[in-house]
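There are two complexes below, and they share chain A, which is joined by chain B in the first and by chain C in the second.
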Partner chain A sequence: MNLYLYIFRRLLYVIPVLFGVCLVIFVLFNLVAPDPAYTLLGKHATIQQINELHHELGMDKPFIVQYLDTVKTAFTFDFGYSWASKQNIWDMIKAGAGPSLSITGPLYILSSLLSISLALLVAYFRGKFIDKFVLVLSIVGLSIPSLAIILFGQWFFAYKLGWFEISGYENGFPNFIPYVILPIILYVFIFFGGDTRFYRAVILDEAYQDYVRTARSKGLSEYKVMFKHVLKNSMIPILTNLIIQIPSLILGLLLAETFFSIPGLGAMVVKAINNSDFPVIKAMTILSAFGFILFNVLTDVLYTVVDPRMKLK
Partner chain B sequence: MSYDKILEVKDLVVEFKTDRGIVKAVNGVNFDVFKGKTIGIVGESGSGKSVTALAIMGLIPNPPGRIASGQILFNGKSLVNMEASEMRKIRGNKIAMIFQEPMTSLNPVFTIGNQIEEVIELHQPHLSNIERQAKAVDMLRLVGIPSPEKRVNEYPHQLSGGMRQRVMIAIALSCEPDVLIADEPTTALDVTIQAQILELMKKLQKELGMGIILITHDLGVVAETCDSVSVMYCGQIVESADVETLFNHPTHPYTKGLMDSIPSFDSTSGHKKERLQTIEGMVPSLFNLPNGCNFQDRCSKVTESCRGMKGDPVLKPSKGEGHFVACFNPLS
Partner chain C sequence: MSTEVKQSKSLLHSALLKVISEKLSLIALIIVGIYFLVAILTSAGILASDWNKEVGASYMPPSSSIIFGTDIFGRSVFQKVVKATETAVAIGIVVSCISILIGTTMGMIAGYFGGFIDELIVWFYTTFSSIPSIMLLVAIAFILGKGTMTVFLSLGVTSWVGLCRIVRAEVMKHKEREYVHAANAIGATHSRKLIKHILPNISHLLIINFTQTFDAAVKSEVILSFLGLGVVGRPSWGTMIDDSKLELSRGVWWQLAAATLAMFVIVLAFNILGDALRDALDPKLKGK
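Presenting the complex of A and B:
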C-alpha cells in the first residue's frame, strides 16, 4: 500500500469528522449555552439592542444556515473576529501560541523523558525497593488534585522561598524563562504519576512474554533484554500516548495559564468560555479536532515503522 | 568413560516462595547428560521438568524461585552460584535451549536474521558483520529452511509454527552448544511437523555431537529420540533407565500408567477395541503432598506400607544395569 495514498485517504476522514464537530458545537451553543447577546450587552440591554446584535452576529438566520456557516468556518479556517475583543481570531491564536508552547514544549519533553526512563527503571527493578518507592510517589502525585499542587507551588516556592515569579509573563526568548519554570516543574509532577504508571504497566506487560525468556536464554544482559527486546515491543502504546498528547500542547494548559496569568491559548479559551465568545471557542474546538485527526494518522503511520506486523490498509 | 559426561545434575532442589509457603518444585533430582546422547525427561504438567531445565540455564526467576541445594556441574564446573556475567557466557553459547511455544518465543519486531545474528554477535564477537550474516544464513540452511537468503530478512509472523521452531533451533545451535535443552519442542506443532523437527534434532546431534535434554510428556517422542529416560513425578525422578529397558520393563506403576495411556492402533494383535487407560486422579498439590509415596492416591498397586510415615521412596537399582526406580512396591 502506498504510504501517500494511505495518508491522503485517512485525511479524507477529516471531512465527516469536521461536519460532526460542527454539529456538536452548534447544538451546544444554540440549545445549551445562554444567549451571548445578554452577556455581551449586559443586564440593561433593550429588546431592540438585542435584536440588532442578533442580526449583526447572524443569529437571526435559520438554524440550517447558521450550521452551514459554522461548517464553512471549519473548512476555510476563516474564524472571523472575537465577539468580546473584536480582534481577528487568527491574530489572537498567533499571540497566544508562543506563551503556551513555551510551557508545554519543555514540559512535554521533560515529562515524557522522565516517565519513560523511570518506567523502564522500575520495570527492570520490579518488586524491589525503588519500584515500590516510585509507585508510592506516583500514587501521591495522582491523588493530589492539580489545583492543590499549583496553589502550594505558588505559595511555597514562589512566595515563601521566592525562587520563582508567582505569576505573569514576558514575551521573547530569555525573558519568559523565569515565568515558565515553576509551572513546568509543577506539571511534570502532576503528569509524572499517571504517565509512569501507564508506561510501567505497558513495559511489564511485555517483560513476561516468551520472547523475553528466549532473549535471556541467549545469554543477553538484562540491560539489553529490557532496552532492545522489551522497549521496541512496548513502542506501540508508548507512541500512541506520546503523539496523542501533541495537539493538547497547542491548546495549552487551561488551569496553569489562568493561575499563572500566562497569556496563552489556554487562558484565552477560559476567558472565551466565560464571555460566551462563540467564535473563539469554535475556532479552538475545530483546530483541536483537526489536530487530533492529523496526529492520529501520524500515529498509524509510525506504527508500521515500529511493528513489522502492522500493515496500512 | 567419564570424559563423555558433560552435564551432571546432583540432588537438585529448586524452591519457590509463594503466599502459601515454600514449594519444592524440584526435589532432589539427579541425572547426567552425555556427549552425543539424548536424555528424555518425562512427566505430567507440574512435575518439575521445565523448572529443572530453567535451573540448568540459570533462568529460575529469583525471587520467588531459587536453587536451594544440589549441584549442576557443566564439564566439572559448578553452575550454581556462578557469577551472572560468567553464566551469561555459557547460556546460549555452551548450553542452549529451545522452548515449547515457537509462535511466541521469537521476538515479533526483529527479523529472524537479526535474532540469529544477535546470539552469534554476543558469543563470537570476533566475526565480522559479513561473516556473521553469512553464518545466520548457513544456520537457516542447516535447519532446513528453504531459500534462507530471502528468509533471513523476514519477520517471525511470516513463518509457520514449524518454520519458527526451526529458527529457534537455528538460534540455539548457532554457537554449537555442548548441551541443548529442548523443552517440549514439538508439543505445539502438527504431528507431521513434529516428526520433521525431531528428525532434524537427531540429525544435527549427529553432526554437532551435542548432548540433548529432551523434556516432554509424550512417551512416543521419547521412544523415537532418546537414549535414556527419567520419569518425573512431583519434582522427583521416580524411574530412570535406558529407553529399551524402560519401555520393555517399566517398574514404577506410574511409568506403567503413562505407557498404558498411549492410544494404540495395533489392530493385528487381536485386542478388542479397549477403552483408553488413564491414570486416575490428579497430580497432588505441591502444597499438600501426602506422607510416604507421592503417587499413593493414584497407584493401582498401593499398599499400607506406601502410606507410611517413612518419607519419599528413594531411587534404588532395579533389575538391569542403569535401571533405577523409586517405589516401595515396584512391579516385577
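Presenting the complex of A and C:
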C-alpha cells in the first residue's frame, strides 16, 4: 500500500548518513592524514613543487570545498587516479570486482548454507551431544587466528600435498576454478564458527517463545514446530545477517587474495596500503560504506515484505 | 572505573561465584589469570627480559634445550612468545577501555537526555557503523601510520558502536524506573543520577563487552600486523604469525605454531569466560 512512501522515507533518512560518511572520510583523509607531498615527491622537494602538488590535488582549497569534493566523488564514482599506478581508480575497481566475486560468491553461498543448516540441526537436537560438539567446534574455530589458518592451509594442502594451486589466477569462468577452491574451503572454515553460533542463538531465541510452547502442547510434531514456526520467525535476523554480508563480498578478502595472488579488490587494498596510495583507500572506503548503506535500506524494505507485522508502523 | 566495580559488588560477586562453580569456566578464568600474570611479570622485566638475545643459530628446530626453536636471528621463539603476551594483554585491555569509555559515555548521554542529543549521537554511530569495520580499521591505521599507538587507537575507535547501542537502549529503560525517580525527588543532579545510580545497574553490560572486545582486539592485531601497520620494536603474536609466511616454505613451522597456540589458548579461554559471565550476569541473553 504505502510501501513506496515508506521506501521514500527510508531513503530520505539515508541522506544525513551519506553526508556523515563523507564527513568521516574527509576528516580522516584530508585533515588527519599526513601531507602526501612527502609520499609523492620524496624528501627533497622544493616548496614550489609542494605548492604545485597541493594545487593539483585541490588541497589549497578551503575545507568546505574539499569536503564537498569528497561528497561529489562519492556520487559520481569519479575517484580520480591511483598515485602508484596512475590508473583510473574506477577502472581498477571494475577489473578487481570479478576476481573478488569469484571467491566470495561461492564462499557466501556455501558458508551460509552450511551454517544455517547446521544451526537448525543443533537447535533441533539442543542440549544433546551433537549440539555440544558443534558448539565446541565453533568456539575452537573462532579462536584460531584466520591468518594462521590461511598460512597453514596454503602450505599444507597446496605446497606439501600439492592438491591445489599454490597461487595465481586466470580470468574467465571455468579457468579460475582451480585457483579459488582452496581459499574458499579455508574461508568456509574461518567463517563457520561465528556464523553457526550466531544462527544457533537466533533460532534458539525463537525456540523458547510462548507460541512455540503452545504449538508443542497442541500436539504438533517437533519437526513441524521447528520448520513451520521457529524457522519462519527467525527469518528476520537471519535475512538481515545474510543481506548485510553482500556488500562485503565485493570488498573481497584482504588476506586470501594477497596470499593466493588473486587480483581482486582485497589484494588491491593491501597493495594500496603498502604503496601509501591514498586515493585508492579512500575510494574503497567510500564505496564499501555506500554499499553497506544501500543494502541496509534494502533489508529494511524486505522486512516489510517478509514480516507483515512490520507494515510501515 | 574503580568506583563502579565497588558499587556493583553484589552482582559481580554472585556472577563470580557462578563462574567459579563451573569447572570449565573456572579453568578459563585460571588460564586468563596466568596470561595476565605472565604479562605483568614480563613488563616488570622478570620474565623474558632477554628475548632479544641470540641463543643459537638461525632457524634451529625445536629441541629439549630450546623448546620452540629459534627465529631468523637465532632468538628463542619461546622467549618471544612470552614477551608478546605482554603486548597482547596490553592491546586487549587498552582497546577495551577505549571502546567502553566511548561507548558507555555516548550511550548513556543519548539514552538519558534523548531529544536532539540522542538524534545526534544515533546519527554519529549510524555513520560510523556504515563504514565496514575492516575498511574503517584499515583507513584509520593507514592514516596514523604503523606503531603500537595506531593499534590501540584504530581498534578502540572501531569497536564501540555495539556497546553504545546497547547502553543507550538500557539507559532509556532505566531512566523511567522508580529508583531514578526517587533519586530525582531528593534532588540528585543529572550526572549523579547517571553515574551513581544508573551506571552500576548497567555495569554488567560493560563486563560482558570487555571480554568480547578483548578477544576481538587480540585477533585483529594479527590483521594489522599483516598489513604492516602493527606493533613495532617488540614481539607480538601477530608479527610472529606474519613473519612465518616466508618461513613455511623452508620448513620452519615453529614460529607460526608457537604464536598461534599462545593466541588460541587465551582467545578460547576468553570466549568461554565471556559466555559464562554473560550467562551469570544477564540470564536474558542466555545461549546467545
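Rule of thumb we're sticking to: the second predicted complex is superposed on the first by the 301 of 313 C-alpha atoms of A that agree within 3 Å, B and C clash if a C-alpha of one lies under 4 Å from a C-alpha of the other, contacts with A are read in each partner's own complex, and residues count from 1 in each chain.
Assume a residue touches a chain if its C-beta (ideal position, glycine included) is under 8 Å from a C-beta of that chain, and two chains touch if they have at least 3 such contacts.
Bear in mind that the values here come from a model prediction, so they are computed numbers and not experimental data.
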Query raised in the report: chain A superposed: clash or fit between chain B and chain C?
Result: fit
Report task. Would you check which partner chain A:76 touches, where first means chain B only, second means chain C only, and both and neither mean what they say? Result -> neither
Query raised in the report: Which partner does A:306 reach: the first (chain B), the second (chain C), both, or neither?
Result: first
Query raised in the report: Between chain B (first) and chain C (second), which, if any, makes contact with A:229: first, second, both or neither?
Result: first
Query raised in the report: Now for A:46: first (chain B), second (chain C), both, or neither, which partner does it touch?
Result: neither
Query raised in the report: If you stack the two complexes on chain A, which partner ends up touching A:205: first (chain B), second (chain C), both, or neither?
Result: second
Query raised in the report: For A:217, is the partner it touches chain B (first), chain C (second), both, or none of the two (neither)?
Result: first
Report task. State whether A:270 touches chain B only (first), chain C only (second), both chains, or neither. Result -> second
Query raised in the report: Looking at the overlay, does A:127 come into contact with chain B only (first), chain C only (second), both, or neither?
Result: first
Query - Which partner, chain B or chain C, touches more chain A residues - result: C
Query raised in the report: By how many Å are the closest C-alpha atoms of chain B and chain C apart after the superposition?
Result: 12
Report summary line: Dual-contact residues of chain A, meaning touching chain B and chain C, are none
Requested in this report: Can you check the complex and tell me which residues of chain A touch chain C?
Outcome: 16-17, 20-21, 23-25, 28-29, 32-34, 139-140, 142-148, 151-152, 155, 159, 201, 204-205, 247-248, 251, 254-255, 259, 269-270, 273-274, 276, 281-282, 284-285, 288-289, 292-293, 296
Requested in this report: Name, in rising order, each residue of chain B that touches chain A in their complex.
Outcome: 57, 59, 63, 88-93, 96-97, 99, 101, 104-111, 118-119, 122-123, 155, 157, 168, 171
Report task. Using the touch rule from the top, collect the residues of chain A that touch chain B in their complex. Result -> 127, 209-211, 213-221, 229, 232-233, 235, 306-309
Query raised in the report: In their complex, what parts of chain C are in touch with chain A?
Result: 123-124, 126-128, 130-132, 134-136, 138-140, 142-145, 219, 222-223, 226-229, 237-238, 241-242, 244-245, 248-249, 253, 256, 259-260, 263-264, 267-268, 271-272, 287-288
